[in-house]
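Take a look at these structures.
Below are two complexes that have subunit A in common, paired first with subunit B and then with subunit C.
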Partner chain A sequence: MSRRNVELLFLVIAGAVSTMAYVSVYAGRFREINRVSIIYGLVFVGIFFLLHLLVRFALPQADPFLLPITALLAAIGLTEIFRIRPALALTQGQWLLVGAGLFVLTVLFVRDHMKLDRYRYIMGAIGLALLVATIVLGTTVNGSKLWIHAFGFSIQPSEFAKLAIVIFLAGYLDDKKVLLSVPTHHVLGVPLPAAKYFGPLLVMWALSLAMLIFMKDFGMALLFMSIFVALMYMATTRIVYVVLGGGLFAAAAAIAVAVVPHVHDRFTTWLDPWPHAATSGYQLLQSLFTIADGGIVGAGFGRGFLLYANRQPVVPDLQTDFIFSAVANEIGLLGAAAVILLFVLFMWRGFRIAVWAPDGFSKLLAAGLAFAFGLQTFIIIGGVTRLIPLTGITLPFVSYGGSSITANLVLVALLLMVSHRTNVVREGTDLERRRLAARG
Partner chain B sequence: MNRAISRIFIVGVILFVALLVNLTWIMAGRAQWFADRPENKRGIAKEMRIKRGDILGFDGSTIAGSVRRSGYYYRDYPQGTLAPQLVGYDSVRYGRSGIEDELNDQLTGQSTDLGVQSWIDRLLGRKPKGASVQLTLVPAVQKEAQKALAGQKGAIVMLDPKTGALIASASAPTYDPANLEDDWARLSNDPGAPLLDRPTQGLYPPGSAFKVVTATSGLDYGKVTPDTKFIDTGTYVVFGGKVTNYGGAVFGPNDFTTALTYSINTTFAKVGNLLGRKRLVSSMQRFGFYQTPPLPLPQGGIVPSGRYGKTGLLSPDDFMDPLAVAWAACGQEQVLSTPLQMALVAAGVANGGRVMKPYYTQQIVAASGGVVQKAQPQQWLVAMKAATAAQLNTMMQRVVNAGTGTAAALEGIQVAGKTGTAERGDGTNLAWFIAFAPAEDPQVAIAVVIEDTQSTGGEAAAPIAAAVIKTALAQPSLP
Partner chain C sequence: MIDIVLLVLKIGILVLLYLFIWQVMKTAVATVRAPAGAAAAPDVALPEGSRPVAVFTPAEREARREERLTERTIAGEKLDFTGHIDPRLVVERSPIVPAGVVFPLNGWITVGRASSSDIVLDEHFVSSTHARFVPRGSFYYVEDLGSTNGTFVNEKQVSGEAQLKLDSRVRIGETVFRYEE
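Up next is the complex of A and B:
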């Protein structure tokens, strides 16, 4: 079976599962299934069918699993948002449409990701500008400054900055990897490359420290620093960058815990939420109670106890940062574990694309994107389950939020482009190779 | 480069494995622990979305109903305050008590024995509906009992001696369950303890009312007959101490029936020592002393009667010298009883010696209309031979017709009873009256206790018992 037919098959399966989840919620709420509910379902299926047709036409050799996983995660998210606040599901549906549009534009205009390597410094500048703009223009929500309000929309620029910075670092590090991996001197027996190549490391460190102090957000700082350290390591294979980067970030985190009250609160609440059960620990404890209440199989979509009688969610921000708590409550341990495995599967496909890619830039780009995606998932699920301190970050494709879903659909488009090129270069026909060359 | 990429992927997989392990720990390992945390109000909030079943009186009228306000159901009490200590409260802030607590699973429709409909409801994700509980409490009798106690401290328990059904259970001072949350601070600090269910949790020295137990023992073990002769000099000297009569009375020659009629302490002290500790305690046990009566109530909601020491209930084998036995036979010394236990004593005599299991649930009706549980009277204990019960019945009629209990006599209804007056040492008395009626075919058995009174059992408690018995026997039907 061709890659595209595999994709279509899995999309149909994902569509069937999504439809069942959605119908379950709809029936639970309205005690009936009517034409409107079916139309909503069909629109969702239609969006992913069109994306599939685009990939079939433009990227025929791309990985067949990423799009079905994306569709399933987005469907779970939309269903759960609809279940918590029906009005927001319509907005989220529109954002999904915008994200799909951006996906189409990325595929049609970029065509080949190798082109992006040429604009690496522009990408780096865009990423930096987005983060600086957030620090300067951002508004504080829940103690963290992650949002910019503009043109009637709330945008979370860090979601897009994440993509731009990965593109920049993939290009920059692929170029400089040799210089960065050759030791020129030793400090305390540790081989180190020339001091000037530490510049980017220090810039990244300063950036994440600034994010900690000005955005007051531990999660985004951890994400950016980790992306950087992971890419440095993958480019140079030198463990010294991981040790140094980890140490620098730990120092920055310690400073932030001591200096920034919001970060300090989050940290102490994480260590022991019980004395703060009614105040700063309320959200985290309610999240844990909601998750623990899910049991092994859960009550089913639309059947959990997620809303009080006055329609307020049992956990504040349930539809955004705490969407995983809602999912775990409704579909239980088995369902929640399946969702986590979907994220692992996504990450695995990303890394697989990286390993097979024929050139350094493609490898670093795919691995960087897959790593960013996986780590962001870990940070938010770990946060709401109290494995790590809680931070305001979205669960890719599932959480309510326009920036998150559009940025992550672009991420999928980029991974599909890398995998298409890889497969064409490795096993494609002459015709396909010529077409690819024509795109550059 | 590929090796480094693989390593980073492995790091990612390890992180996700950590997520899965932690999630399993929360959702499977410690789920119950999280559910039981006091900070976790999910359970109560979930139950408040369920229409809680009604608690009904024996006549079918609502004692505790359910009203919906902004999505949640709250209790309301259309008949005002009716046996609130026994029925209990259901509060988000202060939890539950009494029957509301004991039968919570049925009232919220979560009990597994509520039948197929409840199971189907859960399968379809419909909210379960609570079953309604019909009690054996008769509201008209209950109201009469509460009225009789108004302004005093004390308790009234009325049972059907033939079934064990609880007809009335009043405790004073009382409270209004509708205002529980507003009044909580005052109620929980009130020295009169209005939240305490005196009938099942109040421990009082039973005084001379206990002589029914001593008489049972003496007759049943053949140590005395109703006609056994005694001579009272006003004082019975035993084991370096003495037993005297109430008010210093001297009765001279008396038989055992007369001794019960006028509550002669010296005679009962002598009978106590004729029996000895073992037989007296054994008779107590056969009435249910030294064990918690099987009335289904939450932990601590009902306490056993018996001899109490500094550390609580003493063992039935605890040593007693002859002076202690003599006073215990008169219901003093360290003997303590709940009003319910004394009502069970009266009921045992009334029912030919057989003590029925006390109960309060007439039936439980599921929301679908099906009866899921119906009262089935069961014998609990055999306190004495039927012949002994018949003799005691006659003797207790004499108490009401010619003795200390004449205030309990009713026109056209033969009441049999026994008074009790326990002196508390602070100048106040504890006034008791236990009785059953009609003596020839007992329909009700009652125990009345009044605290902090200057009067005797015959003066303070007997008229109350009579009034409640009269109301009860006037009812069209009793459990």
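Up next is the complex of A and C:
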């Protein structure tokens, strides 16, 4: 079976789950099954079917599993948002359309990710500009400065900066990896490469620290710092960068905990939420209760205890940061484990693409994107389950949030491009190779 | 009635979720082994025979080369060959290049194991980007680019760069070049 037919088959399963979940929520609320609810589910399937057609036409040899996994995660997210706040589901559906549009534009205009390598410094500059813009223009929500309000929208630029910076780092590190893996001097016994090549990376690192201080956002700072360290390690295979990066972040985190009250709060609540049950620990404890309430199989979509009688969600921010708690409540331990497995499958495909990729830039790009995606998932699921301190970051594809879903759909487009090139270079026909070369 | 439907939906969703995951893993693992010669792609050039298909077309390669050339001129290096008649490297001995092969020196010339080098030395003791020959004023210099096993001029290790004189012996890995003008 060709890759695209495999993809179609899995999309059909994803579509079935999506429709069933939607019908379940609808029936749970109105006690009836009508055509509208089924049509709604099918419209969602239609969006992904169109994306599938585009991939079939533009990237026929791309990985067949990424798009269905994405569809399934988005379906679970959209259903859960509809369950919690029906009005927001419509907005999120529109954002999904915007994201799908951006996916199409990325595939049609970029065509081949090798092109991005040529614009690596522009990408780096865009990434930096987005982050600096957030620091300067951003508004503070829930103690973190993450949002820019413009033209009636609130945008979370860090989601897009994440992509730009991974592209920049992949290009830069692939070019300079040899020079970076050779130390020219030692500082306090730590071997460091020539400042000329290390400098731009130091700027990036300083910026993630600045994010921590000015945006008071632990999650994004951790994400950016880790992307940086992971790509450095993957490019140079020097474990010293991991140790150094981890140490510096730990130091910065310790200072932030001591100095920034917002971060300090989060930290103490994480260690022991019970004394703060009525104040700062309320959200986290409600999340834990909500997850526990789901039991093994949950009550089913639309039947969990997520809303009080006055239609307020039991956990504040349930549809954004705490969407995983809502999912765990409704489809229980088994369902929540399945969702985590879906994320793991996504990452696995990402790293698989990186391992097979024919050149350094593609490898670093795919691995960087897969890593960023996986770590973001870990940070937020770890946060709501009290494994690590809670930080407000979105769960890719599932959480309510326009920036998150659009940026992550572009991420999928990039991964598909890398895998298309890999498969064509490795086993494609001459015609496909010539087409690929013509795109460059 | 509706409760039974909801129960069926609840179980159905969970079953389908796990069916999906199971099938993805099954299909993916089955195709993991399928691609012909799908060993992990190497970063550095492999010996001839197991070399993967070229990633760039000749046209792309040419474009990249031009890009690199403009970068070099931006770096501010003036090329002045007035003092030279015909700078070149002659292979004295080498495990891979036949002795007597002449590489004309023309602008910046990089030596390394990477296939993108101007002179590709695919041997064990050569780093992927090992050294480069750079004209400066009316002399050629050899610069070591932080290679693992070093670059030697007349069996003296080059730290940073070294000027080449007529009949200097440059050793990179196990290959020895004689510099001629």
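Please note the rule applied: the second predicted complex is superposed on the first by the 426 of 440 C-alpha atoms of A that agree within 3 Å, B and C clash if a C-alpha of one lies under 4 Å from a C-alpha of the other, contacts with A are read in each partner's own complex, and residues count from 1 in each chain.
Everything below uses one rule, namely that contacts are C-beta pairs under 8 Å (C-beta built on N, C-alpha and C of every residue); 3 or more make two chains touch, one makes a residue touch a chain.
Just so it is clear, the model here is predicted, and its values are computed rather than measured.
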- Task: Once the structures are superposed on A, label A:Gly294 by its partner contacts, choosing first (subunit B), second (subunit C), both or neither.
- Result: first
- Message: With both complexes superposed on chain A, which partner does A:Arg303 reach: first (subunit B), second (subunit C), both or neither?
- Response: both
- Considering only touches as defined above, state whether A:Val314 meets subunit B (first), subunit C (second), both or neither. first
- Task: Go through the superposed model and pick first if A:Phe351 touches only subunit B, second if only subunit C, both, or neither.
- Result: first
- Based on the superposed arrangement, let me know which partner A:Thr184 touches: subunit B (first), subunit C (second), both, or neither? second
- Check the residue A:Met20 against both partner chains and state whether it touches subunit B (first), subunit C (second), both, or neither. second
- Item | First (subunit B), second (subunit C), both or neither touched by A:Val6 | second
- A:Pro68 contacts which: subunit B (first), subunit C (second), both, neither? second
- Task: Applying the touch criterion given at the start, work out whether A:Ile381 contacts subunit B, subunit C, both or neither, answering first, second, both or neither.
- Result: first
- Report, in rising order, the residues of subunit A that make contact with subunit B in one complex and with subunit C in the other. 28, 299-300, 302-303, 348, 355, 360, 363
- Provide the residue numbers of subunit A that touch subunit C in the complex, in ascending order. 6, 10, 13-14, 16-17, 20-21, 23-24, 27-28, 31-33, 64-65, 68-69, 72, 118, 178-179, 182, 184, 194, 297-303, 331, 334-335, 338, 341-342, 345, 348-349, 352, 355-360, 363, 423, 425-427, 433, 437, 440
- Can you name the residues of subunit A that touch subunit B in the complex? 28, 230, 233-235, 237, 274, 277-278, 285, 288-296, 299-300, 302-303, 305, 308-310, 314, 328, 332-333, 336-337, 340, 343-344, 347-348, 351, 354-355, 360, 363, 367, 370-371, 374-375, 377-378, 381-382, 385-387
- What does subunit B use to touch subunit A in their complex? 1-9, 12-13, 15-16, 18-20, 22-24, 26-28, 30-31, 33-35, 37, 39-40, 42, 45-46, 48-49, 70-72, 125
- Query: Taking the complex as given, what residues does subunit C use to touch subunit A?
  - Reply: 2, 5-7, 9-14, 16-21, 23-25, 27-28, 32, 35-38, 40-41, 43, 52-53, 55-57, 59-60, 67, 127-129, 145-146, 148
